[in-house]
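Each of the next two complexes has chain A plus one more chain, namely chain B in the first and chain C in the second.
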Partner chain A sequence: AAAALCPCRLLFARCGGALRPLCGSVRGLAAGQDTHFGFQTVTEAERREKIYQVFENVAKKYDVMNDSMSLGIHRVWKDILMHKMNPSPGTLLLDVAGGTGDIAFRFLNYVRSVRERQLQQKLKHHQSLSWQEISESYKEDKSESPGDSQVVVCDINKEMLKVGKQKAQHLGYSKGLSWVLGNAEELPFDDDMFDVYTIAFGIRNVTRIDLALQEAYRVLKPGGRFLCLEFSHVSNPVLSRLYDLYSFQVIPVLGEVIAGDWKSYQYLVESIRRFPPQEEFKAMIEDAGFLKVDYQNLNFGIVAIHSGFKL
Partner chain B sequence: AAVRCQLCPPQRALQASAALRRVSDEQKKEPLASSSQQQQPFDSHPTDHQPEQDPQGPRPSYTGQGGQESEDYESEEQLQHRILTAALEFVPEHGWTAEAIAEGAKTLGLSVAAAGMFHGDGSELILHFVSECNTKLSQLLEEEQKLVQLGKAEKKPTDQFLRDAVEARLRMLIPYIEKWPQALSILLLPHNIPASLNLLTSMIDDIWQYAGDQSTDFNWYTRRAVLTGIYNTTELVMLQDSSPDFEETWRFLENRVADAMNMGSAADQVQSTGEAVVQGLMGMAVTVSN
Partner chain C sequence: GRARVSLSEPHGWDRGSEEEEEEREGCFQLYPGHIPTSPLQKALLAAGSAFMALADPYRHDMVAVLGETTGCLALPNLRDKMKHHPEGYRILQERPRIRLSTLDLARLQGLPDGSLGREYVRFLEDNKVSPDTRMPPKFVDDEELAYVIQRYREVHDLMHTLLGMPTNMLGEVVVKWFEAIQTGLPMCVLGAAFGPVRLSARKLQVLATELLPWAIRSGRNASCILNFYYEQRWEQPVQSLREEIGIFPPP
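Let's turn to the complex of A and B:
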């Protein structure tokens, strides 16, 4: 059945922006302005609903799909994000749309190793510690405590949070980690709370990006940093064609085969095309009040890391 | 794309900057000075409305992103300078690293994440420090020159002047001497060499200017090259000097400067000897040919 559906879907994808969705374009009067869902036009309320469903469906297979679609490179992207952040122990991180916890776990590992290195340096300088002091410093279970660094994972989708919590339990992360259900456009946190705000592959699913950026500005401390890891625009024409080919031919098929869900992965590749390119997104971040906004392209623009400071 | 633009009307949120101070805060000292001369009673809390005060006076105004109200805020560069200056006090403990910058940012009330604005290897911190030291040196030399011009101090002979200038500049390293080798090695990294070389040459040039160098020939280059050599070697000696108050270093410096002075006269002597020898040979040749 999937094979029979294939040609029709491909045709769908090819038509690009001129689509009129088969599921009807019901424009509820009170459902907000028109926006896009992939290449379709829907109302804001519909969009939120559809995206919620997408992630509800894919939650269990989210990590597997990430690995197969990006051939494991998404791990490198997230590692690069962490190195760019270079958090010091004692940092408070808010990871929005952090669902299955990839960024949060990397953060905890990073600050843990930084703290260990710092303690080693300190011990090297202390020539005259008594045996009791030395044994006490080993007694503290270093492998457990990330110091006073904390990460709050916030996601709008219950299923994604559930998968994340299970992963945390399975991998043994417990201290310094909390899970909150919340909407990026209206965060349930006070002002000036966090040192770093990250959103990895999540902001293109937010319906009102400007509101999310304003909320990010609000909850960050003065001097705090905004980091966004997101699919972006490939300017190289040759690479762009190959990338399009891969995106529209391979990824939805993988989605059907591995996760049994063609439509969600079709939405994924379409939403990537709809997201503003690097410079435009940089301007949006500046509009929210961030300063020293910059971006770094990874893999020729397939992915970009945008960074801004609340100064 | 058109649909999306409708949703985000371009309104620049004119939010008061969280950390950039109003320039007028920093200029409180100046109106106090000027108004005391005019014998006007001044407020202890001058308001932000100072129409006669040009906010663009000593400070470059920040005019990025079309936010009109941010014109009298300090710029991002100034904030970065403040963070780096605050970070210097943590260098003896953490070295020239991003941790020192993070601690510095904390003392200013900013989040530790602000250290992300700088390179991870601490090079900006070191360059900032070197540039500050050079500025201090220039100010010192300027003041000395003023005293000489006013007749309140004698003009020093060149070698004494050079010795004092180099000693004054090297003394600024004393609080950070333990971590200075690390700093030197970072300054030698390829991506830092242009900046560090620039700072070094302008400092040496400054010293010679105040020493009264007015040469317009190749001497200009020789003098600067020699002084650069003296400065660098003295710095290296200082790094491994353990004598009280670095006496060994200053003695080394004295010897090198004396060598340099002698070298000048030695070069002249060589030249005149060479000329004499050549004349002698010519004479012999003439004699023989006759």
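Let's turn to the complex of A and C:
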């Protein structure tokens, strides 16, 4: 029955390895170039669809799974990212593929605590002022803009955004936070808008990474910073083997037991292996126009933070 | 082998990607929905699913996974029992499936009271269950054994009917004891042993004094429940089928 629906597919299924590229290019005309989905070869259109389904399936258990798989360490990685960013109050952040809001909430906490510390210091300073100076400072305060920090969370997947919004409500975040449905390869924002662009554990799932990097460049203000937190490559051979063992033997099992979904987590570990290593990704970021591109390995390269500036 | 028995829809993906999955797993994927696993993965799955099944009783998929990962001794046993029995052998050849799409519910409802078909439909309606909610097997590494466990799952509701047990916790425990003796599947044994933990004292008493002794005696006395071609016996009265199998009348 399936054959009748798509004769091209049947041809593909019967193709030996040698004929694959030919069949691939026939399909390519209709659905984009061949690309990868984990260790499978698919067309670009299929990849986008499959990845959408993966995140639709895992959205509700996303946070639980992250904690289980990384034994809570993902929280530390995200904290380190935030410290590296070191945002000051008044920063406008775009968090792409930010689905369930982990980066956004950390950002709001960070700028809030910075603001509080600033106010405390100001208060301390005021203790030593004269009455005249204090009354003058009231006039200053009024003309000073509040400089509220803002974060826009952009994600392509409705389910992930839904979970994020629910979390925000539950945790009490509302001010300075907005949620936008959008595609990293084609962002629904004007040029030169944001101070910082982050993408945490998301760029691996983008089909055309080069387009996403170009978009990141476009929407950042001059002087803006690009920050990417992503799984990367472990060069140490012993650790690499242990990491592989853990990834391929344990993680899909966790996916099945906790989320009832083996395949999505199989995809996850495969997609990590498919993502370019640190130096190659650095070169891609430079190609998009960023300067002073650098990266920092965390946990021996299991995770890396890449940073670049639009100058 | 690569026999493509259409046991089930691949979970989550559309039909088109079946071929891609085969491409990926080469000759390892033995049937649609099959996920090949290493011994380590099976061990982890068995432990994880046992824990999760106890922790969250709504995770029926975990019970299914536990059955698949621990059935490596019991399933070949069952398959051999079927092979050596004429009716069982026919079932293995013809691979019937109990599904809403293959059952003619209207016809079954029209059968006289007391017949297997009529009582089965009554059971489905009373307990608001459907035969289509059975999980397709994923972790069984033999395509024939995958069918055997699928058949066992689909016959489970018929067991309820033949034993006259509802789908509440007590009824399920009784059926599990019966199945544990019949099949020897570790999942049934674990379910039978741990199921009663969630029962009230009064129910435990009924279980221990009346239901269990009967279930155990019937389980021992009955011939293999997988050796009956139920789809060809809808008209047979439940009483007569019970006698034929060797199940004693319920208390």
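One rule holds in what follows: the second predicted complex is superposed on the first by the 262 of 311 C-alpha atoms of A that agree within 3 Å, B and C clash if a C-alpha of one lies under 4 Å from a C-alpha of the other, contacts with A are read in each partner's own complex, and residues count from 1 in each chain.
Note that in this section a residue touches a chain if its C-beta (ideal position, glycine included) is under 8 Å from a C-beta of that chain, and two chains touch if they have at least 3 such contacts.
Because the structure is predicted, anything quoted here is derived from the model rather than measured.
When both complexes are overlaid on chain A, the residue A:D34 reaches chain B alone and has no touch with chain C. Applying the stated contact rule after C-alpha superposition, one finds that A:I209 touches chain B and leaves chain C untouched. In the superposition on chain A, A:M85 makes contact with chain B only, not with chain C. One of chain B and chain C touches more residues of chain A, and that partner is B. In the superposition on chain A, A:G223 makes contact with chain B only, not with chain C.
In the superposition on chain A, no contact is made by A:D244 with either chain B or chain C.
Contacts of A:E185 after superposition: neither chain B nor chain C is touched.
When the two complexes are laid over each other on chain A, chain A has residues 41 in contact with both chain B and chain C.
The touching residues of chain B, counted against chain A in their complex, run 1, 3-4, 6-8, 10-13, 15, 17-20, 64-65, 76, 79, 98-99, 102, 105, 108-117, 120. By the touch rule above, chain A contacts chain B in their complex via residues 33-36, 41, 44, 84-88, 90-91, 192, 195-196, 208-210, 214, 217, 220-225, 274, 276, 284, 286-289, 291-292, 307, 309-311.
Residues of chain C touching chain A in their complex: 11-13, 15-24, 35, 38, 40-41, 44-45, 48-49, 51-52, 59, 61-62, 65, 138.
Interface residues of chain A, counted against chain C in their complex, comprise 2, 6, 9, 12-13, 39-42, 46, 50, 53, 57, 249-250, 252-254, 256-258, 260-264.
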